[in-house]
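Each chain carries a letter (A, B, C, D and E) given by its place in the written order, and its residues are counted from 1.
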């Protein structure tokens, strides 16, 4: 009969209304991402407190979007002087983390990185040979 | 610029040039239709595309074979896994790589789940087109979110998985996740499908809008290069998953959904049935998932032998062909995508004239556009 | 390969090569439209038209389906100084968009095409980006 | 409330009105329903049930005239650039721009392409950049809250004069040869720049 | 006119304006909230208690938004459009009686007056659609005009049945005639026709073609920004209010409630329920196609309305007007 489909539709929407909302109240309930989530790039610290990176260049070669920049320490070929990632251009494909032979890179489960200035999206993970902690999740 | 021919259909009165898009709520992206209208009737329709042309085919030539997968994700952002899979299959065929069985099954599972999410986006879009205030849209999104949670847990990203690798897949799927997914697909998903059907094909207003609108025969569709659910809704059971099985499809029991009518309502019915069919396949895949490796060892600097090959797969929108050519180096010589809706759209100037503006959106919604794949 | 298809290929002096993944037939540009008209009459379906840059020439590749699972490619070469080919859009309607794309990205002009204009790039574009001579500049950060 | 926008200096009334305006505007940001690419799906997700933009009074409008925020959800191609510029021009003041995702920030995966602009701040005054490819819905909400914070904390006194000034794209540094900038349409072919100028009359042939 | 009458008129007008603004603010909030919950969302939540401050914020923003006039638009008509929309909507409120004796003017032919103003609205919408010099607004405006005109006739004919039975065009008399059986039970066909036609008059789903988002961006109000857009919305909500009031007054007994004393509360409750159900429809149904829409009016509703009026007349003749 004409109208039965309409009535059924009204019934469905009303039942959903009574079932209650599914909304997550994000800024009030901070969402914890799964460990597999690929978000922002950060670098581990080695035993001496320096960057875990060994400046092997694998990630730079593997990066499809040229968002990484590495400068080697002129004194020590196995030490990075600068390690920069342009998060404003990164596609978060994870090839750098996957390719890193020393497991120096990892993703931080953080997503609150919106800024007013594009320049601040360039993270210096290593600056003048020292691990900066930029890119790590803010404590 | 475009000159519309003077039309006889208007009886000599002046026609109206209506630009629908590229920034219009129901063109599903940045598609631009130049419509010549006589009142509310379309006289000529000319699709203008290219607003999302990012040059993926050229960019791929400057990347290694592996890095291209990052682009295939973004090429069709509604059916990421299908596009990754098509590309990987093409390269594997070119390089002569045989996959372990588990990898094939995992890929098939993700491909079918992706078909569900893609059809859900179609459902959301088509219900918006016919003028609901987004309620069915949001119900579809709810289910999609549920599947996206699974995608994220497996691949690490909600939308851009970068999960398939040449020679296999990147990560294995946790059995607990699979069990969860199976429960969802078996218990909740059919109920959701009932809801979708009741709100779309069961609604008299929708039936009055779609029944008998845009009836095309299978011959017309084949001649105009239309594939996928649009063609199957015209009664021709053509599906590469059955005709030229790949992945694990040969071992699955599934039905190719067709509908003899060929109007807009039939296209809706076919896609809604495909949702259930895909869920059924996913359950079979989870149950029959073989043990074993998830990837074969492939050199990092992969160099397929010189030559080219063309591989067609059944994406949610139709036949997705990938043509790759190699010159024996680490980078593709040519990467080309045969987009099903690129050719589907090329049929629109022949399909749309004579219909009302409102009908035009319904018919056009039937090919389920995704501009990323058309423009590449 | 079907016998009638082989006949049609032979009629247009096409060389058939079945050693690759899929059978391929090479034909001269002059026989391009005639061969496709014959093949279409035999019920072959159009799948895709694209091109490959062979540095001194552009190779047009047209993929046809003899059955839903069998495909074959028909190819021809246009030399760089004469990038001109007859259109297939009257035989295969979907080729209309495919040929426009080939024109847009490779610069091959199809004679007899109803609307030979840019399709993906802006109307005022001057380049043919998929030619190997067109090189991408790396955009700085 | 032109008094506030056009006021040269702050008085008691203008300050009170300004506070009211900041309160109202920051709590009612309506974005244009402008989907470009992948990020637009996440944008819709944010509007859908699980994240629900409407909680913050963020409601998508189809017509740019009624919208306050332009979320740029995808790569801007050369063909799309005039369209996005026009959508922006059609929006009524005050208006804000959010660059959502890597492509809108810098071109992202397609930055090297021949047809993609290196970020939408080459022609639009972007207020908030949300990194991600695509950003998670939570990240988009966070970005919108950042914008809300910015609106709530920025005085509107004299903003009319500020808005009138042409938008000057950021100095992209000396690495950028003029050739490349011209190729991307950042620099006009000739010298007359029309960066952020607005022309409401353009709408005529829009429909 | 005496000073007391002046005072009464001015106070009444201000009260009606406040009522209109209040209904709009509450209506929009309630609509966003209700439809949000239909969609399993929450709707406005964080600004004020359950988002109650959302609408004031929206209003402040809209008042302070730049007022754009497209250069190609007919400037005078473009500026005049929202006024043309708001005046009939506002003026129609003057004759509504909200409780026994509470009305700005309890007119002898109040119903006629209300309908007369309501029929002005399509003119305003067509005017708006034309003046913007935008094709989408033009199509939207013309659709509005076509739709409202074709649904007005069955609506008036259905209302005529009530007038025939109540033997008055005075709203108070009509409502008072329903102390016993409401007219919805006496004239169910008339009620259905009137409700459907009223839904179309209110531009509500499934008849919201003039502002069909998927086809026409935002319909006839595409070009309006800032407070002009606010005024058009105000007009829409006032039509919603008047429409719901008319359904409640003509067929649902107005302020009457069986077994309970008459009170304006019942009327308010009925209006809120009717408005909510239009929102429920809006959240559930797609919209009709433009030709089905007009066909439905001319081919089904109009003949049915004629049948209804003949039936009512026959019954009234047979049973006598006082009984029926």
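Heads up, the rule we're going with is that a residue touches a chain if its C-beta (ideal position, glycine included) is under 8 Å from a C-beta of that chain, and two chains touch if they have at least 3 such contacts.
Values in this document were obtained by computation on a predicted structure and should not be read as measured data.
**Q** Would you mind checking the shortest number of contact hops between chain A and chain B?
**A** Contact-graph shortest path, chain A to chain B, evaluates to 1.
**Q** Tell me which chain's centre, taken as the mean of its C-alpha atoms, is farthest from chain A.
**A** Farthest by centroid: E.
**Q** Report the most central chain, judged by the distance from each chain's C-alpha mean to the global C-alpha mean.
**A** B
**Q** Decide which interface, D-E or B-C, involves more C-beta pairs in contact, and give its chain pair.
**A** Pair with the higher count of C-beta contacts: D-E.
**Q** How many Å are there between the centre of chain B and the centre of chain E, using C-alpha atoms for each centre?
**A** Each chain's C-alpha centroid was found; their separation is 43 Å.
**Q** Calculate how many whole Å lie between the centre of chain B and the centre of chain D, each centre taken as the average of the chain's C-alpha atoms.
**A** So the centre of chain B lies 31 Å away from the centre of chain D.
**Q** List the centre-to-centre spacing of chain C and chain E in whole Å, with centres computed as mean CA coordinates.
**A** That pair's centroid distance is 61 Å.
**Q** Pull out every residue in chain E that's touching 2 or more other chains.
**A** 36, 38-42, 45, 135, 213, 217, 283-285
**Q** Which chain A residues touch at least two other chains?
**A** 6, 9, 12-13, 16, 21-23, 25, 64-66, 86, 89, 91-92 - these are the residues of chain A that touch more than one other chain.
**Q** At which residue positions does chain D touch at least two other chains?
**A** 48-50, 52, 55, 62, 79, 106-107, 109, 111-115, 133, 136, 206-207
**Q** List the residues on chain C that touch chain D in their complex, please.
**A** 120-122, 125, 127, 129, 134, 136-141
**Q** Chain D touches which residues of chain E in the complex?
**A** By the definition above, chain E touches chain D via 32, 36, 39-47, 51, 53-54, 56-72, 133-138, 213, 217-218, 221-226, 229.
**Q** What part of chain C is in contact with chain B in the complex they form?
**A** Residue positions touching the partner: 20-22, 45-48, 50, 52-53, 61, 63, 68-69, 71, 73, 92-94, 96-98, 101, 105, 118-122, 129-130, 134, 136.
**Q** State the interface residues of chain A toward chain E in the complex, per the touch definition above.
**A** Residues 6, 9-10, 12-14, 16-17, 19-23, 25 of chain A touch chain E in their complex.
**Q** Would you pull the chain A residues touching chain D in the complex into a rising list?
**A** Those in contact with chain D are residues 21-27, 31, 39-40, 64-66, 86-92, 111-118, 121.
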